[in-house]
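Please find the structures below.
First chain A sits with chain B, and in the next complex the same chain sits with chain C.
Now for the complex of A and B:
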């Protein structure tokens, strides 16, 4: 009476479980979403005078900063995805799944499903907060949709990174331990100032080589500039590259973790 | 599944870990269809490593094994389709409910969508979790988790079931309930059960045959009765009411066999003629009016077997 389920069924089943887990852990859902908003509120107020710097690209610092919670939220998603997968490795749940006909690709993509859903919810909340604080979109309604798409791609890319870390380290705690390093990359990017206005040469250099700058700038361009093809290409390009590289590296790691003959 | 009467066949199976000893060191065993095979040994003896190899989760370093007629290395997919396994850690997701676990497992095992709910409900009823089905597993007791674990192993109706220390940490009531279900699976449904345990009474109560493993090697194998018979006859331990009668008691019991004086004021004697000699001992004690505080017949236990084969008691042997 059994037949091997299709890849889509497998991905769906694992993703449903992953999303259920994510939504039922309210604390993990709420606080990671709240923290970027708190920083958005603090920085948005404390650094609002930055718009008076000559050549600052917009008069609204909140509009400039809106990309920040999207990227920081995506980084939190990576922790959620990594911690969840790490827990499955530690508890042996992955072994249980390994005894079914589940394919490693389905496990990998499905496991990221919960993080993806989490990313969707966060993106909508950040967008609504942006609108509520008077942020307008230079790129119009179409820009809002593109921003959501880019935001989801960034969440997926960071979730993949979290998954890779979990597969390599085999522990949720280890993934959480690495999280502060991710955070540093956000602060060493152009998240709070345009790169050309960063005075410290070393910081400007680091921000230029830091891919997170391009994720932030891609999102930001839709809010404050309108349609900037180069910024969008770089934003989507780096998000896609991160997702592709981490998934490519995760596949052999997942095969090893889902070890079976 | 092949038509062979042998469900599990193992030849010279070895598993070495890097920088570690041989966890499994060339074991041979055969389990017949419908049999409950008890794999008894202390912690670290190699039981779980053997189960991981036989369930295809761990490749062997050398040797070969077939499960359900399929080679564990070359035909892993067919082996997994033939088996169900409840591994040592009762790996469950604390956030999901029991029913959600079963639905996930049913989907991944390819149970058709329209049958999944009914199938899950039937399994929940069977393991006595119907009332707790929609509660999160994080709130389940140890016994409930083990029962759910068993139900999950049965989702695709396997012919062979691997249970890795299924009752470790359970209270006596939960343990008895699980024993009952395992026995029912084997006797009523003909499922072959490969059960690892460190509990002597569990192996004794459930298994048709027992393999005793120690330090990666099988040191004894047979039915519980065969194993006990192998190491000798029953013994009688007698404690006199009057401590001054200790020497008299020892002399009397020496007529029946080699009497051993115990520090706790008792004398033990092996009964080469079996428990039939007990009546004669009672008559002899009565004939000299020697009053006894207690008189106990000790049957050889699997612990005695383990002691005889390894020189150590099973309890604490893993330490």
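Now for the complex of A and C:
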């Protein structure tokens, strides 16, 4: 009698298929990685005068901005994850998967595997670009590892959000339509200036209530400040909260989606 | 000529009708420039305090001109997406068969892009005024800024239509969008050209969009600079891109 695969093995199998699928689509891989780098290259230089604003926390705007591509890349990961899950819903693959003995948790988390691998590749590329452009880490080698961990957690959290959107909306195209809204949350955060230096009071208020600010600030603290426990707690905390909430909401959404189709 | 006008009018009407009745098409083209205006004029206004930043009407006006011209260029880009979608759905092939004068198709899409931008440009202007931007230029100068926007819209539309007709797939989206986006952001977006440093300053200095942007900001501030040069650059770009779009159409005709 054959042993039933463990949950981890089931997740691994679905994740392997998801990762292979993600890497087969070169365009989907290339553009999300390139776009944040272009913005980093342009804004890193074009906004360098911002360091002359009194009390700006660093002399290098590139170091200040390095967190930006990590979070923007994670947002692209969410679209990638959502689009691919949406396609699986549209083509009926998810329904066929539901006929197998796979557990729904394995289906859910495994489907995000491709996006997660994409997030890993992106994080390493952004880090290397940061080093190549002369960005140093105030927190040292340990900080680089923590930054990668936080970045992966953020990618996973956004991938889960993409998955939830796909399950709720049922199509990849609809998920793509949500992307501008995610992009807005990044620009309405402290991604380009520290919160205390934002002049418009309403903008500062929005940035303070925007969780994306804390994701950016957690990553940024390792680059320009060193070890800032509060920034890291908030960064990891918000990333974890986003992942937990979206996965918790995805489970009933998955049940409804499978029942509906 | 009558057949050209007939096709142009029909394609433009369909283009603007599709935009207006479909929120999924209309909303992003309005939201994107608005969000750039909010993010740049609101979030980065402290940048105006860096030494030697001199733009009399203020930072909101400084950013408004960029966003106004950007919305014009993206009005053209979004039309390119629509052309690509028409090819994927098979509509464009039927249009090629039915149109008695095919160059009217390019002109129609370009006219559609202009009408689409009229909506976006109006919304961005209202948002700028609501945000309290100062307008120092007089009527003729503001009309000059509008003229620059029309030129940017036309040139970008011809580029986008050309690419969409050459590739005939929605996957051409990044190729349509990216060069326009990069050209716009390699102009002095956040600070005037003399305050840019490093490689961006060098690239900006050579970027034709910089001339158009500086002319636009000058007109808006009531102190025009490089206006004739910017119109000449736009006219040259539009002439070149018209040939490019016509070749795109020929390629689509050959593909059948």
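Basically, the second predicted complex is superposed on the first by the 254 of 261 C-alpha atoms of A that agree within 3 Å, B and C clash if a C-alpha of one lies under 4 Å from a C-alpha of the other, contacts with A are read in each partner's own complex, and residues count from 1 in each chain.
We adopt the following convention: a contact is a pair of C-beta atoms (placed from the backbone, for glycine too) under 8 Å apart; a residue touches a chain by one contact, two chains touch by 3 or more.
Just so you know, these numbers come straight off a predicted model, no measurement behind them.
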Touching partner for A:120 - first (chain B), second (chain C), both, neither: neither
Chain B versus chain C as contact partner of A:20, first or second or both or neither: first
Chain B versus chain C as contact partner of A:7, first or second or both or neither: neither
Which superposed partner A:97 touches (first chain B, second chain C, both, neither): first
Chain B versus chain C as contact partner of A:240, first or second or both or neither: neither
Touching partner for A:31 - first (chain B), second (chain C), both, neither: second
Residues on chain A lying within both footprints (that of chain B and that of chain C): none
Touch list for chain B against partner chain A, complex: 55-59, 72-74, 76-77, 79-81, 83, 85, 87-89, 91-93, 95-96, 100, 104-105, 107-112, 115, 136, 152, 156
Residue ranges of chain A in contact with chain B within the complex: 1-5, 9-10, 12-14, 16-17, 20-21, 24-25, 88, 91-102, 259-261
Chain A-touching residues of chain C, taken from the complex the two chains share: 24, 28, 31-32, 35-36, 38-39, 42-47, 49-51, 171, 174, 178, 181-182, 185-186, 188-191, 195-201
Interface residues, chain A side, partner chain C - complex: 27, 31, 35, 38-39, 42-43, 45-50, 52-53, 177, 180, 183-184, 187-188, 192-193, 197-200, 202-203, 207
